[in-house]
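Here it is: the structure, laid out below.
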């Protein structure tokens, strides 16, 4: 039978591998992953998407789902930790060395996720507000609709700098350089939970357990996620 | 055979044309005669059901096709007429054979390219259309178009035939031949005809009664013999005769 | 005035038509006479530049319009001819005044709705078109269309006039009047004309030399007087005369 | 290989059905509008064009609200066992809604260009209204309509925002070629993206070319055939 | 209020220019294709339809590759001080590329439906090729072309994927109405989303309705005017 998983876009590579492994261990079972921005997933689940597991990139998205009573709140757990990092194009033409350099007159554009709609944007805004750089960055804002768009802009050198998850930056090692980690007042913790619905696949709980098991955590670690 | 009195006003920008036609005739074969723009085509279109009069009535062979009083307006489909349009109105996407067979095949599909119903064959021979059966309207000459349109109209064995200058684009040999065919058809089927033509010979051969239209009104009527005593009058004579009539 | 010999094969499905026309005439005014589908319209279209021959040449008044040997093919625009199409070819989006003024206004824009060039006025009066100047082609009668098309063609003062059944849709009074206008035009401007008609009276009034076409070929030529000694012959006589010629 | 053929076939299935439904809907409405002599015609026409004007994601969101399990129509459909969210049928609906204005506009222009005197001729020959439509009006308008339907097909093939919203992105089930391309680009997997783009382009050219050959030769004529 | 009027005006500006360029390009190419008697016609036509088939985001991605700061054309344009990425001009380009196939297809069908004998008549009357085009062919094809241009305008107004990619989403500078709606929906800000959707719908209906009134009455005639 099929287990349907709705997972945040930043989990794409890790969850694809987790699904494959789980299928090998449980022949006859299929894991179907549907990736999108966390907020999109929430909307789909609220409106009755036949999904069994929801993995979100931040608590706010999961909270919305819980509020709408579509989540088995008891099964909710934080399963990985991530970090938000400042990145620049690999050749770093503006010689940016720290957050403070973003104030420079030569820095024209800085990309980050839209705080209204993207978890990584929310983390970024909170972090920058704490370090006192928010107003400087805001003046140079280019909003991405998800992490990968921000990453793409930086990799192509269209923007001078950007904020993404550390796991995303790791995908394009040759094209972007990580300058520093943004201290985050909210911990960057990804929650996961079973979706509340009548015909939920009984094996969904097994898959959830597998993700939380040492085997699953090893896969996640491979893609740069650390333990919660 | 036909009894009608209709009124209709047409507006084209500032210009206005009023049609007010009364015809009452027991003659089965009528000709409409009159100058360009006098309303001949509009009259025939009203009979065919393509022009809706403002008021009045039209009766053919006792059947009421239109009556503003009784609130009757038969759809063109229900009138069972044949109408040869002045511009032929051939279907550009169908070949000559399909055009001729169009009215003979009911339903939702056009006749197939090489299917030729028996009823059509007679007209194809009579009008010498064999050679061009597979051609499309864009590939045939003016006279050929006119003959195809005529064959298409006659093939459905209509209750009444409306002919708007049916032979105008034909050379004299063909014209004589087709005039003969039409006359024979009228005799054989005893089919009422309304004919618009500018050729006195057509009137003599194909009509028993002539109505003259001017400026949207019937101004005179008489027999063809009164109009063209010789039956082969030259155009000048024709006109004079009509003026007297 | 005209010297031509052209060949052209046309294919329509399985049917094939071969045009092979040679005309050599010093007469300024020529009539083409022949049965429906014999190639009259195609011949005139070749002269107008709308049909490209496979080989041969066309010279009018010493000007080479087409020559396969010299590789000359003058564009229709450069031939300065007037051509009255058998189906009139009126522009549906322009009113009668704009249609008539069309060729008189060069450039990229159409004449305005109520602008009427002086050169057009003469024809509007001659052809009695005053009343319908503001109407669109869909709003006028068959004979009115024919007159508008004729006025449009003549207004540009062409080098040569090609007329494909110019008076077929007209009643006899109007036909006589317009025939007179055309004859006067020919006399005044000494303008060469090629005329397609089925009416002997047209031939006598408007042509000096008659060519008979059959099945794509010129089969005979003679003077109108030889064809119609009375000048007002009935159709039957016409045909016999032509057969003798 | 199946990572290519599966989404390709899915895309063709979805776009094909969407083009089909769009054609039926669009032609019917266009015919109605072209006959309806009223001042409101053009207003209704503009209203029906709205699905083109709204961002596809938003269309998808409204469809979710309408057809979802808690939507207006969803519970009703569920009684009949019809589930649209997260299924390929949902993708067909999304693509149909987005693509049908193209058929509508093209078909309306085509119907209004048909010479009424030819329809009159058919009527006088005794052919009833459906016969006149199928034998005269439709063939004479076919060129224009076909152009619209091909546009609709192309649009449906490229549809992505609305589809992602209502059908999700489940590999093998609802992940169309468009979504695969999107995800490949997002994942920085440029080679795969290029291959997928080539496949889409080639398929689309082939389909459009074949369809344009469907128009019978005799429907291409207008006025005399080119004689020079 | 300005959170509404600024994106609205921007959207109208972008869609207006895009429809204009799409019209010029589409009409010119359609005319060329309709005259060019060759087997390759339909292939070229399908090729030119490709921008519709690819997901808009992917179009945006390729435009970025082409026009970006480090793209193929970008550095060349930059010498002239032309910068397209993250500007509204970039949005116009994205919308034009996505919308112009609609004009192309509609205009081609319309041109091929023009009665050639009328063009012949104009030629014999001594009117040169441009005159024939502007005075006969174009007016007779105008109904179909206008339908295509209106579609293109609507599509440009709704364009979002490609625009987002190349123009970014810079509030007040490149954040079009479509993008605003998307963000409102994603953020779960339903009230704002509904207001924005209403504004877009109303604007669009108004623009389309006005445009459809532009077609002069005498271009609506075909065959005889309705007499019954």
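Think of it as A, B, C, D and E in the order they're written, each chain with its own count starting at 1.
What we mean here is this: a contact is a pair of C-beta atoms (placed from the backbone, for glycine too) under 8 Å apart; a residue touches a chain by one contact, two chains touch by 3 or more.
Note that this is a predicted model, so its numbers are computed, not measured.
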A-E or A-D, whichever has more C-beta pairs in contact: A-D
Relative to chain E, chain with the most remote C-alpha centre: B
Mean-CA-position distance for chain B and chain A (Å): 80
Separation of chain A from chain D, taking each centre as the mean of its C-alpha atoms, in whole Å: 35
Between chain C and chain D, centroid-to-centroid distance (C-alpha), Å: 49
Residues of chain D engaged with two or more neighbouring chains: 61, 117-118, 185, 222-224
Chain B residues counted as touching two or more neighbouring chains: 10, 49-50, 87, 95, 136, 139
Residues of chain A touching at least two other chains: 40, 43, 149, 152
Chain E-facing residues of chain A, complex: 37, 39-40, 43, 64, 109, 111, 114, 116-117, 141-145, 149, 152-153, 156-158
Residues on chain B engaged by chain D in the complex (per definition of touch): 48-50, 75-77, 79-83, 85, 87, 89, 91-95, 102-103, 106-110, 136, 138-139, 152-153, 156
Parts of chain E lying in touch with chain D, wherever the complex brings them together: 37, 42-43, 45-47, 49-50, 52-58, 61, 101-102, 105-106, 108-110, 112-118, 143-144, 146-148, 150-151, 154-155, 157-161, 178-179, 181-182, 185-186, 193, 197, 200-201, 204-205, 208-209, 212-213, 220, 222-224, 226
Contact set on chain E toward chain C in their complex: 117-118, 120-131, 134-136, 139-140, 216, 218-219, 221-225
Chain A partner contacts - residues on chain D that touch it in the complex: 61, 64-65, 68-71, 74, 83, 85-86, 164-165, 168-174, 183, 185-188
